[in-house]
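When the chains are written out, they are named A, B, C, D and E in that same order, and each has its own residue count from 1.
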């Protein structure tokens, strides 16, 4: 048993323990925030330092390789970023902040476990752990009715999806006699080809699709985003997506050649994109809009996953990194504007270009990135995804996706219009943007553009990580 | 030698369908939760059957954890239901929660 | 047909019947009680399928703890305010047909599945063996589940605290 | 080191003649617009120099055996080889001289006429532009070059007609002129392109070579391209059915009318026909069409002129009819008659307009009756010059028109069908009639003879201007009188012109000059009877038939028809239909697509706010369907 | 195809000029609009000088791609930073330089949000330059989109009539086009089996089957064609132009629409010659429809900019017609027409923009007598209108002539129809000229000042260019021909 392999997880676990202790001490929120940011930075550093660890634990049930470690890096960076936003955690009662950080840490830990898990049971439990942490985090919203109703939605869809996933696991296990991913893939060919196996795997994937918010498992997303505290919504739309992709890449990669599964995924991808984008058009609430756009992005991510080859996985991982950065930037702008933790209406962005040109620019770049317009990281991601898909012969799928990109552009432009064009009904003072936030906005904008123009480094890393798939 | 494996699966599927039916059709939050419990139970049954078919203990081990998850689910779920009931006085899933401070107490 | 088989089918019938009753009872107390019966049946099935320890746990945790929790809550909540109709006809038909189609599809898949018709070999996992297995091979899962239960605990606590604070406020 | 490269004198002087007006145009428009006199000076000097060079060239090339061609590639891409060239042959030299002469005279005349106009500089700029374009057109060596300058001539015509752009009718007339001639030009371009594709180039010398043409083109193709090119001629020379722009073009300043719309520009069409005479004569159909169109135009325009009251309108109609007459001559197969009439016509028509300009300038009216009543005849030199010119127009011996008309009539006689001759003679008769109708109207006003009109010299503008105007009149009158006697010289000179070789012989009937003279005299007599003599009621025989008079006065309702077609078919028909289609169908589809997307989005979005179980139901349904699909396909 | 590597990275310098200009603008404080304008003028002038230099320095007898620069960018995907210019792109560079410089000068009187405006314009032009010089499909697409998305803000913020609608429609429509281009690019790259985005390598590989070429060409044609205003995908153009501010209209109609045609040429025709051949009749049909349709619709418009917008549709139809003929002359003519139309329409929009700035109306019926009130502005407008009619010795005549010549050769009916449309074209341009410039000066406009000398400078530049290439078309044709000749 090589404990070193678990260093990132242990680091996260100790952070969680620290917050549990803090929760009992009831520190003031400011202090808790500093601890959280420090912990986030530390864990990100630990993950980066341990990125080249390799090995297997628990008889192959837990795999540490470049892919998993890269995902852990992304997750801990995401955690750090979200923690960074918690400086104005107005959506959560101030005496509950330590618990909030505890749950967030635990959730991230669960996601890290997901990234390494090779055994469906571990994956399932880690998934449940992260889901439950998120349910509670959503419910912690101080605006109680909002939090309650969205938490209820999230919870009900979540437990249904988890039940379905469990049943799927049972079917898979029944068909193949294995729960470890390598063993499932190693089952007899006629078993693999059997529709029951495919159905079992499809239902199993349902749980992950729920995390990713792919149609038809997406129904929680709008409500949950809308009702959750802003930081939680950020967490769900960034870190949680990374975890979902991590686990999907893991689970799907041994299954190549399952035609039925691919077909189902194509259908889900198409419907997700279309439903997400069409619904987003009609939204007024910023977070709700982001939720629908997340659903659409889940559809794009599915394109990469369903290619079932290295190019596709590379695309998906690259894209989810892009989404992490882009969504985070959007939410950062939103949180800075809605500094009392309220839900931001899109119309409230009016006059942003004057109140804070920097944030307006960051928002613009992020929105164009989400729409997939070059030279942003979002475009590089889409290019990778679509190249993979066309390589597999899914030209029509790519055309549909591009049509969706155009639809999505409409609502992104509407947001942009609010920020750049509309004048607020009454003159608003310039936004007070703290120095760290300014720095962060600059860093994020630079990251969006640089990774869009010169994606090579990131791409090489991702491709290398994908190569470590068994 | 007891029964063919697929009989167990079909039984589990029937249970699962019943659970799903309960979840989808009952206009009551607690019954929805109950339906999910039935679904989990069905999955557990399928696991036990599969474990027997493959003569492994892995499947049985899963059931153990399913029980734990079910317990967690019920504790959180019921706490949530009670909160909602306190707030709205109803367990209708279509309930619209009143804004803060105007709870129907 | 062996005795095991007869027992299995009888229990299956019992479980199905009681679950169906549970799903359709208007009175929730009745529903929960029906479900308790169903869980007892399931426990018997577990036993038949070679998992005596799980059968015990099923009764203790499911029928014992979880269902009792349900009962508590149901009793705590005045049920007379519930909507009169438990089913609206449209939803009933929709849900019913979805479930029926699901069942049909699954049965079809199962019947086609190679190896599905093999008879199960009777076997028994003794509790000791089982425990040994779990703690030898699955302890990471145990750790995760322990954290999960902790989270659930904190969650329930937070929700409860909110309630208390609200009632003290009010 | 002395510059010593061989300079061809002809080339140099031709090039200089072309460049001068362009330079003048450039300088006027860019640099010296505020200095009005300087502008006029530059322009007149440039065109004067050009005139001298043209005369020099003419003299130098008298009796030349072969056309002289200088060409330089303007543009050469693939088969699109566009040369810029100078082709000196008798007809082009004559045309060059005529154009520069009339331009020069008109510009000098304008010194007086346009004095005090706010657009004085612009006027001279446009005049220079016109002179450049027209002169280059006349000595172009290829058809495409002709087309290019043909368009430029049209452009300067547009600018000059609409010179007084504040008047709606002027700008409208300019637009009308441009668009209607464009109609013809489009046909021209199409024919030219077809010809180009078949021939490989558009060299005029080559086009006039029957061997080269028949080798490359089928007879049908010759006719087709010929007809299309003839379309351009019809447009530019205001022939039926594209004639109606010319009377309106009289909205421009009178010198412009004199220069462009009677003497030179409109003659470009006829000139083009003469240029391609060798080519056109290969297709008998083509020649018949030309003859027919010429005849129709001649007669129609004459009838219109008989009832017009506006002095410039009358001369405009007469231009149409005389151009038709030239085309008759050419179409009948006689190269010389057409070209000679073109030259004489340039002289006397310019004179007619310029003298009319004196009246108009003086009395500020275009109405012949009104001019007569206000004492038009008191302007002696103008009146006399007008009478000379009208005589020439009518074909009264011994004025220039007499000779050229006689030539054409002589050729018409040679045609098998006497109808052509009769029509020609009728046209000549009517021409003489309406010309002198107008003269008599001015000379012998019937009512309110307000004898208070001042004498010739008393104008409210500078005497220098008036002097210039009168001098020009007299020069032109002299030309008109003597030109006819040079008939023989001109014809011999033209004998070596391009295409002249295919000219048909002109019949020589000793009685014809006498008959033609008598015809003209009788027409003048008729006019005298009706308008001139003391007791004349000044009502023409046409006016006794009010319906017919109205029909003629309305220009045979051609204008109305075009207007109707334009309004009903173009503006309210196709244009409106297309606009509707654009808005409702094409754009409507685009907007509808977007609208539908938003609508569907709202609908599906609503699903996401309904009861949680509905959503769970959809989720379950989707899963079940997928599983079912697995079951069915497995 | 010959590649002549550059001794000095002129092309990158050109891009850098724009980027540095953009950065300089971004770092100048809002409060100094004058400085921002001067910076813009300097840097746009620099790009103009560079493009003129490139145009002059190109070795025409040698031909091929010159000033080539190459740098591996993303080796794993086969993306390289690969620039080079040939006879097609140089005229476009020149056009962009001219229009950009004049557009910047035209906006000299701008007062609203100056910094953002010029920054966005620079961004847009960076994309335009980038596309014209790029020889890598990835970068071609990147630059294509870079040049499109600033459009939304430029129109929506600084525009006029229905600006938000127009901006949205334009942006979405054009990006819908790019939604076809990207799959087509990927499709070709993937099926070439070369794993490279290098345009030249893909062309030389001849790796595509006829079917693939047809499919890809159609996608390129529609995708780029939307931007080129191909009928029936043109409706964004009038709406967008009406809404856009002057400089944006100038750049958009003058340069961006050319981007579409250039894309069809550079990507579609070079990569898919068989696809080109297959779809050429369709292209000709649509182009002819556009030509005829544009003039007729333009005839009954009431808004000045709508008229110009539809004239653009018609003129771009001529470009499309030229491309569809698959002849040397047609290709030459099309590219020449692209250049000429760019300059001409820029002049039109800049004159109209000035008129609108002064009179605050674009409705034709509310204008009149401007030749008296604002003689300079009116003169420029008339010049541009005349160029639009295709008067000889003004640049666009030559392009039209070459296109018609080749079109009559290949598609006689379409050729005849398009030539016929010239009449209506003249009618609708002159109608506008008459309505707004001629007639008696209107009372309420009598106090308006004419263009200042500073404001005439950009227009004079444009007019001079029109005249220069009108008198010496060979300057441009010979350049274009070096590239066109390789097709035949």
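The rule is short, and it goes like this: a residue touches a chain if its C-beta (ideal position, glycine included) is under 8 Å from a C-beta of that chain, and two chains touch if they have at least 3 such contacts.
Keep in mind it's a predicted model, so treat the numbers as computed, not measured.
The set of chains in contact with subunit B as well as subunit C comprises A, D. Considering every other chain in turn, the ones in contact with both subunit A and subunit C prove to be B, D.
The chain with its C-alpha centre at the largest distance from the centre of subunit C is D. Averaging C-alpha coordinates per chain and comparing to subunit A, the farthest chain turns out to be D. Of all chains shown, E has the CA centroid lying nearest to the centroid of every protein CA atom.
The chain pair with more C-beta contacts between its two chains, of D-E and A-B, is D-E.
Each chain gets one centre point, the mean of its Cα atoms, and the points for subunit B and subunit D are 95 Å apart.
Centre-to-centre separation of subunit A and subunit D, using mean CA positions: 77 Å. For the pair subunit C and subunit E, the distance between C-alpha centroids works out to 69 Å. Taking the mean of the C-alpha atoms as each chain's centre, subunit A and subunit E sit 42 Å apart. Looking at subunit C, residues 91, 94-95, 98, 102, 105-106, 109-110, 112-113, 115-116, 137-138, 141, 145, 148, 151-152, 155, 159, 162 sit in touch with two or more other chains. The residues of subunit A that reach two or more other chains are 121, 125, 128, 132, 135-136, 139, 144, 152, 156, 160, 164, 194-196, 199, 410, listed in rising order.
Contact with two or more other chains is made by residues 594, 612-613, 616-617, 620-621, 623, 627, 630-631, 634 of subunit D.
Screening every pair of chains for touch gives A-B, A-C, A-D, A-E, B-C, B-D, C-D, D-E.
Remark: subunit B residues 20, 23-25, 27, 32, 93-94 touch subunit D in the complex.
Within the complex formed with subunit A, the subunit D residues making contact are 594, 597-598, 600-602, 604-605, 608-609, 612, 615-616, 618-623, 626-627, 629-631, 633-634.
The residues of subunit C lying in touch with subunit A in their complex are 105-106, 109-110, 112-116, 137-138, 140-141, 144-145, 147-148, 151-152, 154-155, 158-159, 162. Interface residues of subunit E facing subunit D in the complex, by the touch rule stated above, are 169, 172-173, 232, 234-236, 239, 293, 296-297, 299-301, 327-329, 332, 369, 371-372, 386, 391-393, 397-398, 401-402, 404-405, 408-409, 415-416, 419-420, 422-424, 426-427, 430-431, 433-434, 437-441, 473-474, 477-478, 480-481.
Subunit A meets subunit C in the complex at residues 57-59, 61-62, 96, 99, 102-103, 106, 109-110, 113, 121-122, 125-126, 128-129, 132-133, 135-136, 139-140, 144, 175, 190-191, 194-197, 199.
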